[in-house]
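In structure tokens below, several structures.
Both complexes below contain chain A, partnered by chain B and then by chain C.
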Partner chain A sequence: MTEVIEALSLVPKAEAKQSMKDFKSDQEVRWCPGCGDYAVLAAVQGFMPELGLAKENIVFVSGIGCSSRFPYYMNTYGMHSIHGRAPAIATGLASSRRDLSVWVVTGDGDALSIGGNHLIHALRRNVNLKILLFNNRIYGLTKGQYSPTSEVGKITKSTPMGSLDAPFNPVSLAIGAEASFVARTVDSDRKHLTSVLRAAAEHQGTALIEIYQNCNIFNDGAFEVLKDKQQAEEAVIRLEHGQLIRFGADGSKGVVRDQATGDLKVIAVTDENASQILIHDAHTTSPTTAFALSRLADPDTLHHTPIGVFRSVDRPVYDTQMSDQLETAIEQKGKGDLATLLAGNDTWTTGR
Partner chain B sequence: MKTLTEGEDLSSAPAVTTTLTTRTTPVRQLDRVIIRFAGDSGDGMQLTGDRFTSETASFGNDLSTLPNFPAEIRAPAGTLPGVSSFQLHFADHDILTPGDAPNVLVAMNPAALKANVADLPRGAEIIVNTDEFTKRPMAKVGYATSPLEDGSLGAYHVHPVALTSMTIEALKDFGLSRKEAERSKNMFALGLLSWMYHRPTEGTEKFLRTKFAKKPQIAEANVAAFRAGWNFGETTEDFAVSYEVAPATSAFPAGTYRNISGNLALSLGLIAAGRQADLPLYLGSYPITPASDILHELSKHKNFGVRTFQAEDEIAGIGAALGAAFGGSLGVTTTSGPGVALKSEAIGLAVSLELPLLIIDIQRGGPSTGLPTKTEQADLLQAMYGRNGEAPVPVIAPRTPGDCFDAAIDAVRIALAYRTPVFLLSDGYLANGSEPWRVPEVDELPDLRVQFASGPNHELADGTEVFWPYKRDPKTLARPWAVPGTPGLEHRIGGIEKQDGTGNISYDPANHDFMVRTRQAKIDNIEVPDLEVDDPHGAKTLVLGWGSTFGPISAAVRRLRVEGKPIAQAHLRHLNPFPKNLGEVLKRYEHVVVPEMNLGQLATLIRAKYLVDAISYNQVNGMPFKAEQLATALKEAIDD
Partner chain C sequence: MAYVIAEPCIDLKDKACVEECPVDCIYEGRRALYIHPDECVDCGACEPVCPVEAVFYEDDVPPHWQPYRQANVEFFDVLGSPGGACAVGSVSADPPLVAAHAGRADDPNR
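On to the complex of A and B.
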């Protein structure tokens, strides 16, 4: 990538051309064979050279969970922190060091259960963070309990008679939390995953990428319907900004607004209704349609699952504003003088 | 310095000599006075006390203050739980506490009188707002008859003053509603007290005009009420005398002074430490009483490059501070006991990451929500041990409001030099209390600069130069601080056990044993000054304290010595690690008494570590010790 990405304009550039190898650490990767995490790691390592950033200015921060081992495998700076807290830690880092490109790696349990609070607040603040949320709809590291994205009735070790609680839809949650950038992709689709990473990197502020990731040990095939070529044609809706929202064999299906309810629905495209098909606008200020798109998928069968960038809007960035306030304070009051500060306004002197 | 000043608080009635000045009323000289302003939590008693304190500080007295207020912002008016008070002790000599018992009580309503009268010694003066002593307000607090008329206040010198109606009368030309005018009655009271004690008034008038700059009418009304109070004192015959307390010129070494509260001193200490370390200060904090003032204060000083982040919760507060520390900032989080409980896991992470971080705990009454606005020092064991695993953290505690400045700098020194989280344990008493503080010269402040890692620090067997994030400084055992942005030092750290040196994940049993012991050794070997013992008479009993009990303990020790009872005193700033000579000091004495505002937490630590049969003396009523009470307790130990 040769053009300057404004969102990364403060991050120093690499002096030489980089390759995927530059981003592989010397640590042995220890995920289960066949885990979807490998594909995501390879995609990220393969994408990083595109950004051309000095790798010492890239930081990966993670929480706890299988995916949170990710930083160990990136030859950048990294922190493997504690359960759920990565967005908070990354917020401190990103808001104090605008010359860094800060990435958060988290999972459905880490980000949506124990760390739910930090996630929503990072999103609403719009700190310059790129959050990769690996969603496998199960707890892997603790060996197979249901997660906050598991479908209702999930039979697991902790729910032998089926789980009772309704799952979160991470994209809906993020849009509701005022996220300025929300996307979804799938671990096995390297090309799509990379395109979403690119869009996130170019975005100013917090970007949330939900990555559907297969846990082949505890929840194998959870997203098979989106991966199997034949099924995917009917199940996956690829969102592209400025393009008609059509999918299915030869674009036989489309997404239209239900005139009665204002909601979105899937229709079989005909000559008569073709003009009603929505054009995807990721940059529109209102989150309404992006939210409606996030509700299209059937949570049980995953039919009509949109992938791609749901929403990408410009909004003031927290760390930029924080720095601006420091500069404004210096403009207004002058650079702080410690002796004056310590003395305050009301002193007296004794001679002895 | 006057020798008899050691007899501080010896009697409740101050020694007086009457002289005449140019005033029309006689003026008496006092060596010290304790005043308590008390009223409804909406009556502005804290502001009144603050102003009187500022006047007193600028006059040059030594002083010590004790604000005492309910957790409710506006408790039901006129009730006992709603009473807010501010006690101020000022003197012509150096003093150590806000005083045991007030010489003067200003009671703005019956509730304020009822809640405070038991603390007054015989002969104390009571200034009461008679306008509030009507049937309903009195009935609300259980006065069947008026205490102003039924003789129940016979032991005191009562000044009935119609504070409310005189304030309204004084402001009748200001076009204010009755309710608005009434709100200035605290300034009337302040004016009266300022007259009684010859306080300078310019500061308060200037303060009012600044505070109400956007409402000049209100500003002038308050100034008018203030002056009316002063003039009332001058003209009424009820106040036969006024009092002078000379400046405490001999109590203070030469220098420039200001009045300062603990939380303000702590805030300034943090800014100073950031400058001396040449690191940007980053505060991650969630509002909590009584620590929020530090967040407020630091937020005002963005022109020092201070970043303040009001987080979504306590955990995010410390998380952000730790993230900033990873990036090379001076990371700080401020909280109180409940917040520390929430931060525990992140403190453990900081122990494992071995990054500098300050955790400031302004202790309050516990457990759980406890007493948010009252003081206690019951978080010591939480700070020492409140984490999973072996997770040692240095602990330091300031002894006075002004000392919070030095303690902050000391805490930063340790955090930076040893790459460790550090606990600073202040408390509500220090946080809100105030005293004169000598403004330090910037040149006297210590150099706290540290070196970030800049290149490889290890050579592999094959001669390759590499960076090892957990290769330690042989003296301090600190690991290198390699901040992102440094080329060639890319590394990963985390809460999982690490291999010594490389910092790679390691589950090796022997390595874990080594790392646990090494982290402990690093903290144990932190350099802290030896404990100083004040023992002029070769006593057999030692009183050992820590934190904010310094004032009351010192005052009690003075009393005992005046009575000819020898007693030694030592006060700990460093609670982890303890000073190297502590064990030897303890063994020198037959009796060791440890007064604490908890159920014996320091006593437990020293009994465990030094096998010393320490006598624990405890109080957990949300208030600081009284000097008299402590002196009595210590006397028992001496006479034992």
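On to the complex of A and C.
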């Protein structure tokens, strides 16, 4: 890639041309045979050379879970951190070291259960980091309990009579948390996954990518309807900025706005209604339509599941603003001394 | 890195591996199956399901079947990287090593 990506302009470039091999570590990859994580790892390792960044300036931070083994397998810096806290650690790193390309790898349990709070605050702050949320709709590492994205009625070891919890929709959640970039892709579609990684890397601010990932041991075939060639035609809505939102055989179905409610709905396209079909605008300031798109999918059957970039808008970036504030403070008040501040006047002694 | 299909697959093509592959990277030739070296993500799902133990991790191919590493690469010289075997279907070609193979000793049609 020859053009400079604005979001990565402070990150040093690699001295020589890189290949996928450069990003493979010497660690033996240990996930269950057939796990979707392998496909995501291969896609990320295959995409990284395109950015042409110095490997020493790339960091992968993960939490806890199967997907969180990711940093071991990337020949970059990385941290297998605390359960749910990867976004917090990455926030500190990305805002204090703007010469780094910071990526977070997390799962549906790590990001949405124990780490739910950290995730939403990272998204609203818009720190320059890229979050890969592997969603397999199950707890894999702990051997198959229902997760925050499992469907209602899911029978697992911890829910023998079916889960009573309504699932999170990670894309809806992210848009609600003021995320400036939200996308969804599928582990086995390498081309699409790579295109979404590219769009996220080019984005300034926090990017959230939900990756539907198959756990072939504890939740096999969870996304089969989106992968099976015949079923996918009716189930998957491919979002492309500036393009009509049409899908199905020969684009026989389309997404239109319901005039009465303002909501979105799927219709069979005819000559009469073809002009009403929405054109996808990922860059529009209002999150309303992106949110409505995220609600199209049926959480049980996954029919009408949009994939691609839902939303990609420019918003002030936290680390840039923080850096500006620090510079202004130093300009106005001098460099300052932490020890003096700590032992300053505004202290008191407690006790008897 | 990738997994490799060796001699035992020739004239058998059980295809249990094709069912297991999560990224659809096992292609069918005339006499054997081949794993795409760039599309394979090293997940290893194919290896244990092969009824004749024809699938090996690249570094673990037995010495006498080493040429099959190259054969799996050569099969894609013409095909390139189609990004999925399903859309390609069966290809009526094999790399020279497989095409010239005398057949399995236990094959009644040999």
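Here is the rule we use: the second predicted complex is superposed on the first by the 333 of 352 C-alpha atoms of A that agree within 3 Å, B and C clash if a C-alpha of one lies under 4 Å from a C-alpha of the other, contacts with A are read in each partner's own complex, and residues count from 1 in each chain.
Everything that follows uses one rule, which is that a residue touches a chain if its C-beta (ideal position, glycine included) is under 8 Å from a C-beta of that chain, and two chains touch if they have at least 3 such contacts.
Remember, predicted model here, so these are calculated numbers, not experimental data.
Trainee: Please indicate which partner A:67 is in contact with in the superposed arrangement: first for chain B, second for chain C, both, or neither.
Mentor: Once the two structures are laid over each other on A, A:67 reaches no partner at all.
Trainee: Which partner does A:334 contact after superposing on A: first (chain B), second (chain C), both, neither?
Mentor: A:334: touches chain B, not chain C.
Trainee: If you stack the two complexes on chain A, which partner ends up touching A:344: first (chain B), second (chain C), both, or neither?
Mentor: first
Trainee: Quick check on the superposed pair: does A:90 touch chain B, chain C, both, or neither? Answer first, second, both or neither.
Mentor: In the superposition, A:90 contacts chain B only.
Trainee: So, does A:325 touch the first partner chain B, the second partner chain C, both, or neither?
Mentor: A:325: touches chain B, not chain C.
Trainee: Of the two partners chain B and chain C, indicate the one touching more residues belonging to chain A.
Mentor: The partner that reaches more residues of chain A in the superposed model: B.
Trainee: Just chain B (first), just chain C (second), both, or neither: which does A:190 touch?
Mentor: second
Trainee: Pick one for A:31: touches chain B only (first), chain C only (second), both, or neither.
Mentor: second
Trainee: Considering each complex separately, which residues of chain A are in contact with chain B in the first and with chain C in the second?
Mentor: In chain A, nothing is touched by chain B and also by chain C.
Trainee: Residues of chain A touching chain C in their complex?
Mentor: My answer: residues 24, 29, 31, 33-36, 38-39, 41-42, 187-188, 190-191, 214, 216, 229.
Trainee: Given the complex with chain A, which residues does chain C contribute to the contact?
Mentor: Against chain A, the touching part of chain C is residues 1, 20, 22-24, 39, 41-45, 47-48, 83, 86-87.
Trainee: State the interface residues of chain A toward chain B in the complex, per the touch definition above.
Mentor: Residues of chain A touching chain B: 12, 25, 27, 54-59, 61, 71-72, 74-83, 85, 88-97, 99-100, 117-118, 121, 322, 325-326, 328-330, 332-336, 338-339, 341-344, 346-352.
Trainee: Along chain B, where are the residues that touch chain A in the complex?
Mentor: Chain B reaches chain A through residues 54, 57-58, 60, 203, 249-250, 252-260, 268, 271-272, 275, 280, 282, 284, 301-307, 309, 311-313, 315-316, 319-329, 331, 345-346, 348-349, 353, 439-442, 484-496, 504-505.
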